[in-house]
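Please find one structure pasted underneath; my questions will follow.
By written order: A, B, C, D, E, F, G, H, I, J, K and L. Residues from 1 in each chain.
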Amino acid sequence: MEEILVIHGPNLNLLGTRQPDIYGSATLEDINAEIESRAAKMGFKMDFFQSNHEGQLVDKIGEAGARAIIINPAVFTHTSVALRDALEAFSGYVVEVHLSNIFAREDFRHKSITAAVADGLICGFSLQSYLLALEAAARLIQKTE
Amino acid sequence: MEEILVIHGPNLNLLGTRQPDIYGSATLEDINAEIESRAAKMGFKMDFFQSNHEGQLVDKIGEAGARAIIINPAVFTHTSVALRDALEAFSGYVVEVHLSNIFAREDFRHKSITAAVADGLICGFSLQSYLLALEAAARLIQKTE
Amino acid sequence: MEEILVIHGPNLNLLGTRQPDIYGSATLEDINAEIESRAAKMGFKMDFFQSNHEGQLVDKIGEAGARAIIINPAVFTHTSVALRDALEAFSGYVVEVHLSNIFAREDFRHKSITAAVADGLICGFSLQSYLLALEAAARLIQKTE
Amino acid sequence: MEEILVIHGPNLNLLGTRQPDIYGSATLEDINAEIESRAAKMGFKMDFFQSNHEGQLVDKIGEAGARAIIINPAVFTHTSVALRDALEAFSGYVVEVHLSNIFAREDFRHKSITAAVADGLICGFSLQSYLLALEAAARLIQKTE
Amino acid sequence: MEEILVIHGPNLNLLGTRQPDIYGSATLEDINAEIESRAAKMGFKMDFFQSNHEGQLVDKIGEAGARAIIINPAVFTHTSVALRDALEAFSGYVVEVHLSNIFAREDFRHKSITAAVADGLICGFSLQSYLLALEAAARLIQKTE
Amino acid sequence: MEEILVIHGPNLNLLGTRQPDIYGSATLEDINAEIESRAAKMGFKMDFFQSNHEGQLVDKIGEAGARAIIINPAVFTHTSVALRDALEAFSGYVVEVHLSNIFAREDFRHKSITAAVADGLICGFSLQSYLLALEAAARLIQKTE
Amino acid sequence: MEEILVIHGPNLNLLGTRQPDIYGSATLEDINAEIESRAAKMGFKMDFFQSNHEGQLVDKIGEAGARAIIINPAVFTHTSVALRDALEAFSGYVVEVHLSNIFAREDFRHKSITAAVADGLICGFSLQSYLLALEAAARLIQKTE
Amino acid sequence: MEEILVIHGPNLNLLGTRQPDIYGSATLEDINAEIESRAAKMGFKMDFFQSNHEGQLVDKIGEAGARAIIINPAVFTHTSVALRDALEAFSGYVVEVHLSNIFAREDFRHKSITAAVADGLICGFSLQSYLLALEAAARLIQKTE
Amino acid sequence: MEEILVIHGPNLNLLGTRQPDIYGSATLEDINAEIESRAAKMGFKMDFFQSNHEGQLVDKIGEAGARAIIINPAVFTHTSVALRDALEAFSGYVVEVHLSNIFAREDFRHKSITAAVADGLICGFSLQSYLLALEAAARLIQKTE
Amino acid sequence: MEEILVIHGPNLNLLGTRQPDIYGSATLEDINAEIESRAAKMGFKMDFFQSNHEGQLVDKIGEAGARAIIINPAVFTHTSVALRDALEAFSGYVVEVHLSNIFAREDFRHKSITAAVADGLICGFSLQSYLLALEAAARLIQKTE
Amino acid sequence: MEEILVIHGPNLNLLGTRQPDIYGSATLEDINAEIESRAAKMGFKMDFFQSNHEGQLVDKIGEAGARAIIINPAVFTHTSVALRDALEAFSGYVVEVHLSNIFAREDFRHKSITAAVADGLICGFSLQSYLLALEAAARLIQKTE
Amino acid sequence: MEEILVIHGPNLNLLGTRQPDIYGSATLEDINAEIESRAAKMGFKMDFFQSNHEGQLVDKIGEAGARAIIINPAVFTHTSVALRDALEAFSGYVVEVHLSNIFAREDFRHKSITAAVADGLICGFSLQSYLLALEAAARLIQKTE
């Protein structure tokens, strides 16, 4: 059974508890559960990881043995070269994902440092972004089997 | 039956004929056929349009009565404010799609003028980008029904 | 009888039909009618042209035999050097006009490539922008008679 | 009887006396007289003010009770945030006007800091710029009556 | 009895009269009265000065014999090198103050030319900004006694 | 009893031990003690936190239940979008504070990413910056009671 | 017999008719005739195409079966990524040509987006630019035979 | 007897009184006396003017009937387009002068907006800068007699 | 016996395991062993530290009692002001080192924020970079003995 | 017999000896011989000059009495204002030439400082660039005879 | 007898021979003769040096034993850091001089790299620039005697 | 016996004679002697070259037959593309060296044009920089034997 690692960047732990009027009442656990349920049907083993610490994200990617990483780097998208280098060193597939459409937000959120070393990017479909990323990762894995 | 309009920007008509070593041997017709087949199962009526003319793309969007537009603006992504304004005036959903990961290419392809007025963006998964965009559009439409 | 050519750029054909809550319910035909009526009293023969195609606008200007052009280049204001060069080659008067105050909108709409080769610019008075431009053109023509 | 305030920025007091070969022999008084004459026919009471002092212009706008201001900020167009904020605080209409086409001059004259808080802008028609601005102001006032 | 000079920059004279829905109904006189009352308890003699004229502000600072200046340069914060140099030549303490948080406003209000020569900056607490600045000035004066 | 959280960013733990000739001999503990003593008189319960880890600062803010945060983000002021987003999601008041006047230091220290989401900023008064921030926070809290 | 395609960009159709005092009285037809006459002696079959429409130029290049393209992209030199991509996909030789020396004109005409994908560039020799380009193309073709 | 006007910009009135350790103990009056004495020997009538008000400087230049202006615009050198335009409209000679070498100071003092419309510039020789400027002005006047 | 601290930044823990075709098969442990062996002969006591966490690196430097630090900040070279400030507060010598020549890589790797506070920089000699840095540190220490 | 001067800039003396796999085995002498042979048939007397010294190139141009200069400034193309000014002062024709297509190389090679004062530019055709430049120069000379 | 060294940069050897309509018919020898004659009366021994070679200028300054250097670096003003460093190492006075007003010419001539290490700058008075520089140098020398 | 060439750029000939308080009293000859002595023990034949002329440095590198070049390009580090290209064409090893830490000096000294084509860079250790470079060069040579 192939493993896929889902990584959530800084402040995503606050989903559903802070600013629910803006981000909705679904928590990160709810999102993970939905992904897990879908993945189970597709035959993937999932691993989930959230951290506000750039170093922990880099550690996790450095140790990762998964076939693919689905990563929402959150604000590290725009600032972290360390994350970029960790993802570049990872030998599996990488799908970058965002809940919101980063191109429709403030200027400083329009550029992605990490996307340059990902296979592809999906953003703007809230929870569905993750589920589409799961399908994208699955197809990338199947393509090489 | 809901209609979804698929728009392909400049030079995409050359797919499969020019530079097949780079872009593969699948033609735009092959891609459209695959999308159509998938859409038929999902219950959508599809309309396909390709043009190298910014004006024709703007005309088409201005006349469009579809529930959603899946658009690969190709190089107009980075330069066409006219396309951006046409998409902004369109009342349905807009999903921007790219065959390649534009963030892994030349610097001038990293910015998207059109994505700012789209609902979301999917790039980097070649043909699968379109099929994932179809699913994304379907879910956006279902959400409001 | 002197002729004045009125040129409308991309997406202006959507006036009154798309986003009426923002742009009002007056169509481009309504605007043209109002201009025509005023021009008739002033003794000018009017020609109207709208296109979403930069090439058609350039063609039209290249063939124009009018004494003056009133042009709302819309988004081409900010991007089209081709339009700029066509207007520069035109031997009559050129008045640039905008429905909205472009300086009160997004940053990328603050600069005008085409205004540099126009005689003057009028913006921000919606329909009245066109009528003031008609008066401006009339006075420029009278000055040289 | 509605009042309209006409404000002339720095160095405009030199019109007709300095560099007459470039700017013509009409003085600022001549221009004001022409505006007053036209305004009288339209039923407006006019107030005229010229100063080379940014502070006096800000003072004048701060005390203004007119329905509209027609302002030629001259070089303050490109540099004065103080003027911009004074105009923004003014509750009536604001029409910015320039004798020359600022977009056809040196690069540093292409941007307008003040236009962002005006209702509209008219430039390039020399004396006629003011008369067209008067008509523009009149129509803005009529629209809200 | 030590003297502290409070300087208010352009357009602050309009407080309470223009745009009361945004800036509240307190006038500059109300603010000055509140500062004076507090200062009296602290044993300071206050001098207040407001001007829309950069030159008058520079004159005032050049003649100032106070132990400290509390200055709200308003828009001159972002543009006036003359004010900066006048404050640099002043031998007492300088506390820069703003009613609003300038970093939460438009981009051009994020930089302060004058703060570089002040001892410190306090912004974002409306009237309280001035009162905190008074306390700050008092402590700077006490430190050197 | 209302709680106020005081957060100190990277390298502030070195106060009093490294470079005492520049930063003085007061340690961070001394500063906290002084704040606590003042706060006790004002009736606030204080919580203090220092970390060199961006992630720990983000964690702390994410879990914070205080009415207000007084934060000296140190160098993260200029670089950390993660901190900015954490503060934006926090529902209480935020006062940014700096020991030195950041506008009088190197260019890269002139911009504050975090201040944009704070209520206000106080800088340049060394230890007094914190005490003034405490008063500012107190007044913000009182205003809404 | 080898075919060479000559493409003329926007506004070049006006040669000889508009601004003859600047650009001379030779029309585009005159230029084409001169090229054709020279090419006939060299044993090449020529195809000529002019358009003000970026889309038509892209279409034409996409369908081109010639051994080489001599292209004067006119203002599209500086703006059209679509043209650049079409030329890059073309498998024959590409020689970019300009009547004037673009480096001696306005700043915005100094950069060439299209030249990056051409084999070489010739500019500044008016009609002779085309004839030199013809010789250049001939030598490139001969080199590979 | 030819007249030469000497203009001193903002904060120069503080010479000799503020920061004497840096700028020396000579006052502006001392400098003017020295210039006058030298000019008397050369046969020129001098007029001196100092102001911290940009508007007064512009007024003065606008009314000036002198053969030449020697101007030390101080900080307005780097910011005042109004001064630049006033000097440009002046029909006599203009010599810009600075006490210090502006190119050896902060970056923002390296550019001169006003020098572009002066005949020449002399800086870095403290009081001697003025005396050299007087000689320069004298020679320019003699050249045209 | 003098102590030298060797610090390795993010992703250097992956040396020898990830991308061995690019970075070789030597692990960080191999590198440390080689340094230790050389240092032993030179009479230095070594301490080694690797972390992907900016905060841990800052902590470590803050607590360091060594005579010199040899640091390979990896990607933090280009982004971490926190590291820069920690190194600046450190009272011993600092030698910055890189395995690769950072000036021969991507543009964003050409600037070093941390080098500004180091004594010197050595890069481009892979493992030898560290050994040369050890010699450099030794000579700096000897110079002050 | 008209004379044409051919100037080769820095490092072109290495042609054929250094990096022959990239630049081919033809030496600068081979190129000069080919040019000379062609020129002899056209009736021109040739002078050849190569130097790595900007000063020698400037000297040579300053003394040149030729009807035209064909110059390959090599890297001085992008940096030498001295060369630019020397060429501007030269009264004959100037044709700039490059072996490679400078627009297809690194960014810093895309701009030409010298081309602004040349009559035209030819690049990208290796040895043929020089022969085409010879023809271009010949036609410019003939045009004025 | 004190010695003053006069240095003329690239292309100044062409004065009077190239472009006499622009630069006049006076040669560099004429200028030097005029300077020498004036200097003789003032009691200075003069040394003159002209070169188009940056290296020769740097050599000359490095060997110079004069009390002052009067240098017209010509285009090296804007580009030569080598010249700047040579002048900085020179222990006597440095006066930078230009025939024309560099601020009234092309943008790239507005900045002076060398002026930052000169005592002062004089430009815009053609030959008189040198004579004024001689007087300036004389006064600097006298000041320290 | 392998040869290593040591190249010193502009103004380094002044070491020990100009500004000894800053750069020390060791002359370039002293430095060369120290390098030679060390190299003799390591079995290398050394060649030393200093010039203030970019062209002579380029000539020297073009003729060099050494196994490695140790170069201190001094200010040419930041400006000379000619040097960069000469070094790139050199087939041996290249080690760039600086006496001072260029990253701790003025901004314009932070970028190295030449380092991009070197094998490595060593800076900040004064004379030791050269000796470390010698060791670095030795190890690069040994690696390939």
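Simple rule for what comes next: a contact is a pair of C-beta atoms (placed from the backbone, for glycine too) under 8 Å apart; a residue touches a chain by one contact, two chains touch by 3 or more.
Source: prediction; values computed, not measured.
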For chain B and chain D, chains touching each: C
Shortest walk length in steps over touching chains, chain D through to chain H: 1
Copies chain L and chain I - interface residue numbers shared by over half, same or different: same
Chain pair among A-B, B-C or I-L whose interface repeats that of D-H, sharing over half of the contact pairs by residue number: B-C
Between chain A and chain G, centroid-to-centroid distance (C-alpha), Å: 48
Chain centre separation (chain E, chain G; CA means) in Å: 64
Per-residue multi-chain contacts in chain L, two or more chains: 53-56, 79
Touching chain combinations (by label order): A-B, A-F, A-I, B-C, B-G, C-D, C-G, D-E, D-H, E-F, E-H, F-I, G-J, H-K, I-L, J-K, J-L, K-L
Chain H residues within the chain D interface of the complex: 53-56, 58-59, 62, 79-82, 84-86, 89-91
List of chain H residues in touch with chain E within their complex: 10-11, 13-14, 18-19, 51-56, 74-76, 78-79, 108
Interfacial residue positions of chain E with respect to chain F in the complex: 101, 103-104, 110-112, 115-125, 128-129, 132, 135-136, 139-140
